[in-house]
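You will see chain A twice below: alongside chain B first, and alongside chain C after that.
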Partner chain A sequence: MAVYIKGMGAISPQKTWDDETLLSQAVGYRGNRLTCIEPDYNQWIDARTIRRMSRIIKMGVTAAFMALKEAGVERPDGIITGTGLGCLEDTGIFLMKMTESSEMALNPTPFIQSTHNTIGSQMALLLQCQQYNQTYAHESFSFESALLDASLQLEDYPDQNIVVGGVDEITEISHTVYRRFPVFRREVNNTLTLFESDEPGTIHGEGAAFFVLSGKRGEHDLARIEALTTLYKPDGHQLKTGIKKFLDDAGISPDAIDLVLVGKSGDATHDQETENTTTSFFPSSSIGLFKHLCGEYPTASAFGLWLAARMLQAHHTPDVVVYRDTGRALNNVLLYNPYFGTHHSLILLKSCRDTL
Partner chain B sequence: MEKLIADLKKQIVEALNLKHLKPEDIGDDEPLFVEGLGLDSIDALELIVLLQQQYNIKISNPQEGPKIFKSVKTIAAYITAHQTA
Partner chain C sequence: MKTRVHVVGAGVISAIGNSQAESLEAFRQETSGIGYMTVLDSIHKNKLPVGEVRLTNQQLSERTGAGAELTRTALLGLHAAQEAKHDSGISSWSQWRTGFISGTTVGGMDKTEDFFLDFIQDTSTGDLGKVVNHACGRSTELIADALGVNHFVSTINTACSSSVNSIIYGARLIAGGKLDIVVAGGTDALTRFTLNGFNSLLILDHAPCRPFDANRGGLNLGEGAGYVVLVSDAVRKHEKLISKCTVSGFANTNDAFHQTASSPDGKGSFAAMQQALLKSGLQPEAIDYINLHGTATLNNDLSEGTAVKRLFGDTIPRVSSTKAFTGHTLGASGGMEAVFSVMAIQHQCVFPNLRFQEPIPEVGIVPQLQFEKGIGVRHVMSNSFGFGGNCSSIIFSAVKNDQA
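After this line comes the complex of A and B, so read on.
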């Protein structure tokens, strides 16, 4: 499926924009919820348009604009968005207002903008992009589905530039609802030390990460996405078989993987199996972790892909990411993202350092 | 009428999220749509809901919309006429 990353943009609980140093000053949070560090959106979006946008729309649109800027692309040939839960803030507002007015009046703006595809459509409106536009809402496979669609589009039209990304937000309502389920820890003193204690539950995250992809190799490509797969509710044996098949199909052996970037979430319920799988399957690879930086959310793999590609671009693994360092140079990176033990995705990236 | 106009300006700024404007920046006779404030069709729907929620007034004839929503003053006049009726 080889597609090339031309540009990227990320808004996350870390300073992932206007930062040349790649997570040299990682931000830790107290509690069980991480919040995005947001840029001044007025620098990216017209003031007349921004007034109607909720936070997730601003985050998604701006991350996509950052990616387009880095890629040097003014108008893409397609926009593909993945979002697990969509525009929750607007959904909450219109439902609350509908309840307050005894279902007699419906505020149009939050209603119109509560749908999952609002982010992609706002991008299209602002960019005047009337081409392919698709949104995937498949829980933790949303971003992977968007990425798969982009790779299929680029297989047919390799010269195109397609914007693809993943975005999800935390709202007061969603966090309150999630807290009723035993999926998040009650309190974490510093989220950067998430993996130091062996407890059930993870931390709630959010973020937007967008990419400009093309099927055509260029001089300034940041990384190459070589292969992608998803595994739904595999048992231990199926997971190992699935990883082996993925690597075989991609024509790469486990010992050729320089770093496995793992989406362990700090949740002892599932992390042990993830740990066993990665350490037994990749004994000679370095291992990195990222969910202490972005938290757990359906499209966290988009943040993982952003981080993996930035590391390949910089030829460097930030200290805050390193879990096991074997000192290997980064050429092949495998992003392995498990989500609450049910959704597992694998994305293989390669460096673009080799000459054209 | 003056108080109603001042209230309406505040409610419009809040309902339409016109953060770049202060209520007093809106002229009583300033056109709300296209020229002037540059509002659009979604804003028109928001204003209809605002009249319904804040003043319990339903606009029965949509054809009257452009006349009613011409300016803050025309909205205030419509409210006054229909609340006292």
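After this line comes the complex of A and C, so read on.
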């Protein structure tokens, strides 16, 4: 597919903006909820507009604006957003008010801003971008669908610059409900030590990561996305054949992968299988982990892609990411993101150092 | 060269019927589906008319074989998708790279709002079984699992243009060689959430809606689902399928004007229609029928009408909004209206725009007033516009099967 990353922006539970030293001072959290470290939005969005925006809209729009700034693109040729759960804060407000008031005298504003496409449409409005505008809302495949869509578009129109990203927010209501499902750990002393103990359950995260992509090479490309696939509810055999086919189709052998960035979530229920799959396929590759940094959420793979591309750009794997170091230089990085054992995605990235 | 994308199957369920055949009969008899709700419980039930599917969740469960505890969005979607699969004549799609792409705006909200009745009293209460399928993608997966599709799944939520965007994505994935077969469309159930949301915006008509009429008073909400089965040339030949039509053009644009309102001159909708025509290689006069977005709000119909007038000039094709029959089914509307557009080509007919009396003075468009059969319908355009300025337009074109 050969898509070039021109610029990126990420707002996450780590300090991922103005990030001159990539994750050198990683932040650990106590408990089971990671909250984004947010920038001063006034630097990015007009103050009156900010007041009307919920957190997910501010995070998504600002991450996209950061990506556009880095890419040096003023107005993109399309905006494609992935969000697993959409605008939960406004949805929750409208639901609460409607239930409390027994459907009487409701303020329409939270309803208006509750649909998933509010994030992408606010970008269109602020950028006056009348081109292609799309929002995927398929849980942990939301960002992957957005990326696939962009790659299709760039195959036809390689000169275009398309904004693509993934964003999800945690709200009080969503966290309260999620905690009742047995998938988030009751208590973690420090999320940075998540992988040091084997327990069921993961930690709840959120974040926004946006990218400006083009089909045309440039001098300052951050990384190149080579291939992408999703595997939906595969059994053990289908998972193995799916990964093998992905690598075959991409024309790369497993031993050419320098680092596998794996979305292990700290959940012992699934992590062992993930570990077995990764080590058996890629015995000679370095392995990195990222969900102790961002938590588990539907569009965590967007954070993973941001991290993988920054690592390729910096030729460096931060210590906090390293899980198994084989000392290999980073040229080919595979992002492998499993989500609760049912949804798996693979994104292959290459360094752009020698592409020109 | 990229493959053509054929429509080989279609399925629909709405207030006017549980199948293509029942829908066609309702159009022929001019039987509207708008009335007071009997399935959904709301304080507005005897005040706000809606287009409600006349089957309970239990009945939908019995007809589809899926559990009655599933969300209504999933049950409606499965009902329509099963009809589409059966209609396609494809015996087994496991040997092909098959995808299921669904548009929805409410997802499992119909159950979530019931959960909230308990949850707001005490946050440790409320049956978690009611929120487990809340996410939009869950309805897609429930349907895909029941259909036996596991190669590719995706969900789109661009408000009221969601499901036409699903069909566009499906067509592009086939044309781009990524998939062989895609079942695409969308589903949305009536919920108190959307009913109260639109009511708070003061855009619901307290009488049956009058799309494109000078005295229109807003929209009626509806529910339903509509899916088409899309295949590549190779699949059509190999499986010896009859092509109902091709997806010949489409476009997705943004009005970039206001979060909920359309620009007065309909710049987003104009661009969507114009770019769809460009993609199809057709001139405006080649379009035989436009299935309008036509929600019957003051804003949409004026904006859309202005854009249609600007693009088509004095030779406006036959146009109608079928929302006077079905209500506005939000994320499902584009899928349902795609099925109606395919039916228009297959049966060489156009559908009436019910309750029309007087044209909107600024645009003067008189829509199709009666069900009309036996006319040449080769190219049909279907419009879907949504909150957030999302505008999409798609064109279906007749195909001769001996050459297909």
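Just so it is clear, the second predicted complex is superposed on the first by the 355 of 356 C-alpha atoms of A that agree within 3 Å, B and C clash if a C-alpha of one lies under 4 Å from a C-alpha of the other, contacts with A are read in each partner's own complex, and residues count from 1 in each chain.
To be clear about the criterion, contacts are C-beta pairs under 8 Å (C-beta built on N, C-alpha and C of every residue); 3 or more make two chains touch, one makes a residue touch a chain.
The structure presented is a predicted model; accordingly, all values stated were derived computationally and were not measured.
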item	value
Contacts of A:A47 with chain B and chain C, given as first, second, both or neither	first
First, second, both or neither for A:F141, with chain B first and chain C second	second
First (chain B), second (chain C), both or neither touched by A:P108	both
Superposition-derived comparison: chain B or chain C, residues of chain A touched	C
First (chain B), second (chain C), both or neither touched by A:A329	neither
Shared contact residues on chain A - chain B and chain C	104, 106-108, 112
Chain B partner contacts - residues on chain A that touch it in the complex	47-48, 51-52, 101, 104-109, 112
Partner chain A, residues of chain B touching it in the complex	16-20, 38, 42, 45-46, 49, 52-53
Contacting residues of chain A [partner chain C, same complex]	79, 84-86, 94-96, 98-100, 102-104, 106-108, 111-118, 120-122, 124-125, 127-139, 141-142, 145, 148-149, 152, 155, 176-177, 180-181, 230, 232-233, 298
Chain C residues within the chain A interface of the complex	42-44, 104-105, 107, 112-113, 116-117, 119-120, 123-124, 128, 131-132, 135-138, 140-141, 144-145, 150-159, 165, 169, 172-173, 176, 178, 192-193, 196-197, 199-201, 252-260, 267-268, 271, 386-390
